[in-house]
């Protein structure tokens, strides 16, 4: 790690030590980009929520979306796997390429897209079924042929929930605490084994230990999966992601992409003053 | 009552008869035909006869399409209906099966009315009769508003009553109609000033709350009773109930023929049990002969003579 | 910025609140009594109705009523063919309406694009709910009996009745489906489920209690309807239980109608007894649905 | 951990094909078309009804001018000769009045009962009362008719309105209301219970009483289902036949003995449905104007309910709250 | 500020500088205690979720609940204003004294309790009404007599949401982003003007700036209100609270109160090794 040179910049961001950055040595810019957003504009009815976003997400990497609340992070994330189809007022313009194919193309099956691109929602939404069923269901519809008990256990272990629920797998997923539900939703997404995992603030209701375990999990998954995570926690973004994307609001309160780049660079040496302001200036 | 003149003996093959056909039509006559079917089922268990109550008009509609073999009617067939039958090539026989006496009733609480002349009844029911209170009928009766109850304007009973009592006069429109005679019973029984009319059986079963009004047809007041209706002295409100039978079905299907014969032969026993009055012996013999002749084809269908004269055999 | 914040914030002053909790609780209590009173009134009214039936009918309940064919003698009269006819009509039309109605509701709520056409169908269905039952009879008469040459048979009755109760099933199922929170659907789609998998595994189980209520109401209606079957079936007396879809049939309310129209008072009592039998049979048929609903509504709460 | 994690290894992901699997898509399409077919049934039913009514009503309107039909105030189609008049207003009013009475009974009592069952009653009471109410929806309507005639009128109404007639629109309306009430109670109860608990929590957390929570959060959130139950109940009231035929009498208001006005609920009051049902199974000969008038009436009723539904849909659209 | 002596201890907790602690000078232990939990045990059905908690919450102070996910923080918080009444399976034993009165006593009206003790839930739950109505509703039922427009604006400003929604006050509260909904729920609670405010992870979905504003708000409110906040963010607890309560799980996975005390002491010199472990050891 040759971070010494940017020591000064790092110092500007309290709580983030140089050692916190991971995988800086990865040559990210040459690795292939898996998802490509081009001229993405999203409206809710007449409200222009996201304005002209261009972004590429690299394969087998972790990308963090950061930015103030209401700037369109969830909106962008949800349109990657066409979840916005479900909101009648939402209109998505522009191209979203996944493996070079436009996911909004006419002949693309959104189900196939969502199988490949799994999602953990901002607000935990377990099924009103047992904990076991919550985890097993996604795998079942995806035709998982292996041992379900093992799968459920493995997924729950990875989501750092196993110890807490192993005695009550038959209880309803809704009887869990907020943080437990959040982890249940992560476990559920893992069990379906997608290519890409989109996580919308997966650790917002988690204590530091669980958060750490989830972050560990993400790093572990990175080699096989492509991960996009929305977070408000700068340390988390710094700790876990390879690349960071900063969204913000323009003067018309439309969400825009301000800057994106390798996480280390974003946190130590951002190009845009707004990024710097957001990351360092007002955080403490 | 007179001795039963006809004895029905089921022939050899009757219990082996099979087949299904339908009767439909007036709800007034329905119970009689149903009772005949019920009895016939005991001797010919494989013949499945269904009875329906689509109303006389609805019954004739089905009859004219050939859907039913028998049509129960509380009024004679109308020209338009006979034309429909003719157009569909359906010829028919008409058989008298029983009598009914349209009974004029008041509540048993009513202590002043016991008889009415046809004229008085006509004034009560006519649009131009000028009657609103009992005092308008007879001066000694109280000056209370008469409440009138009667069958629905679309029923055969209503038509018959109007023809018999009013003749050419127009009926008043401000009476309370109901197609359900039990409802009329309720209505009349409920009010001291009410007057209504319906089939004899409904009076007979509710004598505790109703009082029958004797009718004076110029020859003294006659109260409705089995005898007076049967012998024709209860006039002009005694009437005949008929069934129409599809001639071709009757002649080509033994089970239809057998049933109609059975019906004609036993109607006198069945009728009282469902509240109707049996034909008197002569009339029944006439119906029975008419049936036998119709079955063996020696009598031409009544539809042939329809319109030229009154095709009804004299009651 | 923070000075502006404080100045506007200072406008919230405690003095301006008059919570009057106990007064509000009193209002609440009064309303509670209103709600309770309404429920009690409903039960009392219905109890009186029941009593007006059970009182005269009780002594006439007998096995013969259930096992005998109709007769002109009240002591012998039964309604065995009518019971079987009603069971076939209710089950047949219930199943048909359940499938078609649920299918319609799912299509409209989950598949169809929201818009004018959807609204039109919606209006159309509510409108069908208000079409008098006799008009359904006319429809059945023309379409099933005549055009499709079914004749006045059980199958024509079943199909007519199915159309009649369809709107109830559609409307209640639709509302039940609509009440399922969207987040549940998102969760399912997010795992890569197809529309049908989502509907079948998550939406329907959650909506099931409401759907069953619709079925229960629909079956209740089907067993009590007279007018359309008067038109389509037309029978007033059938001595045999139906032996196939193309046999003539009789149903309990028609039998009851027939009996109440008779002059003999005994038949009125018999009709009352028949109504008791009808309600018992209805309760038996509904009990499956009621039990299922109980089960599902305990499970799905969010 | 890595040993238990083996089931999650993405070693055998299928090749990329965003078009989806043919088989699965085909089965989804099949389902979709099956569902479309189901919803076409209701459309075809409507078309069938309209077709039949129009076809037959044409016979009627060939004889009777539409305008006379709609504006006439005397309804005596089954009388003979000059007494026969086809002014439909009295039975339209009869339908509206009895339905209005029924709605005034069924909607508030039904909704209140639904609220009680859903929000106040305990689970045991609820699980008993609700099915009981529903079975009563299955009582043949003719029974309600006789209940009105032999109980509501003489026992309840007579003491209050001494000169009420044996047949009257009021008792029929009340009986229809009682009959339609279980529909409201049962469906509204479902709608209320489907409101997520988090909404109730939000209200309670702000210091709301149970009543405020119910009336101002739960009921508005369930309004879609409640309105649907209202529509079903009112529709049923408008379309109800047997009760009015028995209890309301068969002469249009204003045309029977004692009453003067079309709006007189105290005396006999024929409704459109009562007329249709009665005429259909009557002794009237087919092919006459009198008989065809029933189709004219049925068509008008169809148009009226359609207009009513359009209006109610427009209203609900404005007040519906989506939750979650 | 005499934090120099505990400098070493502070250093153990990355991201929390000594200056972060507020109001250490307050003499908290002598200030009156407003809420008192005595021998609190809570069961969900047969599951013993919270085991024997004793705790006192001081008036006009901010108390933070911290602890691992699923340890019963929300459960304890919810029973203070009797929200657990709504969960049929929940059973609360023990005394909860508010102003010396047991809130569970027979003659106590839960509505009165909840009016005085407001709550912001872990999972944002706006009403399916307009944004304006969401805020005004609680005030309306509480008989607010003032100007509603001003009240709504003031509440939204305080919750740092005004700028984002001022142009769409008529839109549904459900059309907001996750973090916006969270702030809406805070605004809603403020508008009813309770004495005590319970906040269950109020900033979990908020970006740093909004978080900061909420924290500022809490400190501002402290002089008039008593505040209890559940948080997973140690820095937040340290920054904002006067006292901290640490919950954890015992060997039977029941929630227990491990330690409570002034925040500064808890973070710099905890008595229980588990507290120290949680706060410092495994975080960072």
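As written, the chain order gives the labels A, B, C, D and E, with residue 1 at the start of each chain.
As a convention for this text, contacts are C-beta pairs under 8 Å (C-beta built on N, C-alpha and C of every residue); 3 or more make two chains touch, one makes a residue touch a chain.
Everything numeric here is computed off the predicted structure, so don't read it as measured data.
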item	value
Joint neighbours of chain C and chain B, given as chain labels	D
Chain labels contacting chain A and also chain E	C, D
Graph separation of chain B and chain D (steps between touching chains)	1
Leader among chain pairs (count of C-beta contacts)	C-D
Distance from chain C to chain A - Cα centre to Cα centre, in angstrom	47
Centroid spacing, where centroids are CA-atom means, of chain A and chain B in whole angstrom	86
Centre-of-Cα separation between chain E and chain B, whole angstrom	86
Junction residues of chain E - those touching two or more other chains	111-112, 115, 123, 141-142, 192
Set of chain D residues in contact with two or more other chains	24, 28, 150, 197-198, 207, 209-210, 212, 280-281, 323-324
Touching two or more other chains - residue numbers and ranges from chain B	27, 53-54, 58, 180
Touching pairs among all chains present in the structure	A-C, A-D, A-E, B-C, B-D, C-D, C-E, D-E
Residue ranges of chain E touching chain D (in the complex, touch as defined)	81, 83, 86, 110-112, 114-116, 118-121, 123, 125-129, 137-138, 141-142, 172, 174, 185, 188-189, 192, 194
Chain D-facing residues of chain A, complex	98-99, 101, 103, 105, 107-109, 111-113, 116, 144, 146-147, 150-151, 153-155, 157-158, 190-191, 193, 195, 224-225
Footprint of chain B on chain D - complex, ascending	76, 78-83, 149-150, 154, 165-167, 245-246, 249-251, 255-258, 268, 278-288, 290-291
Chain A contact footprint on chain D (complex, rising order)	1, 4-10, 13, 16-21, 24-25, 28
Touching residues on chain A, where the partner in the complex is chain E	14-15, 17, 44, 47, 66-70, 74-75, 122-124, 164, 167-168, 175-180, 183, 200-201, 204-212, 232, 234-235, 253, 278, 282-284
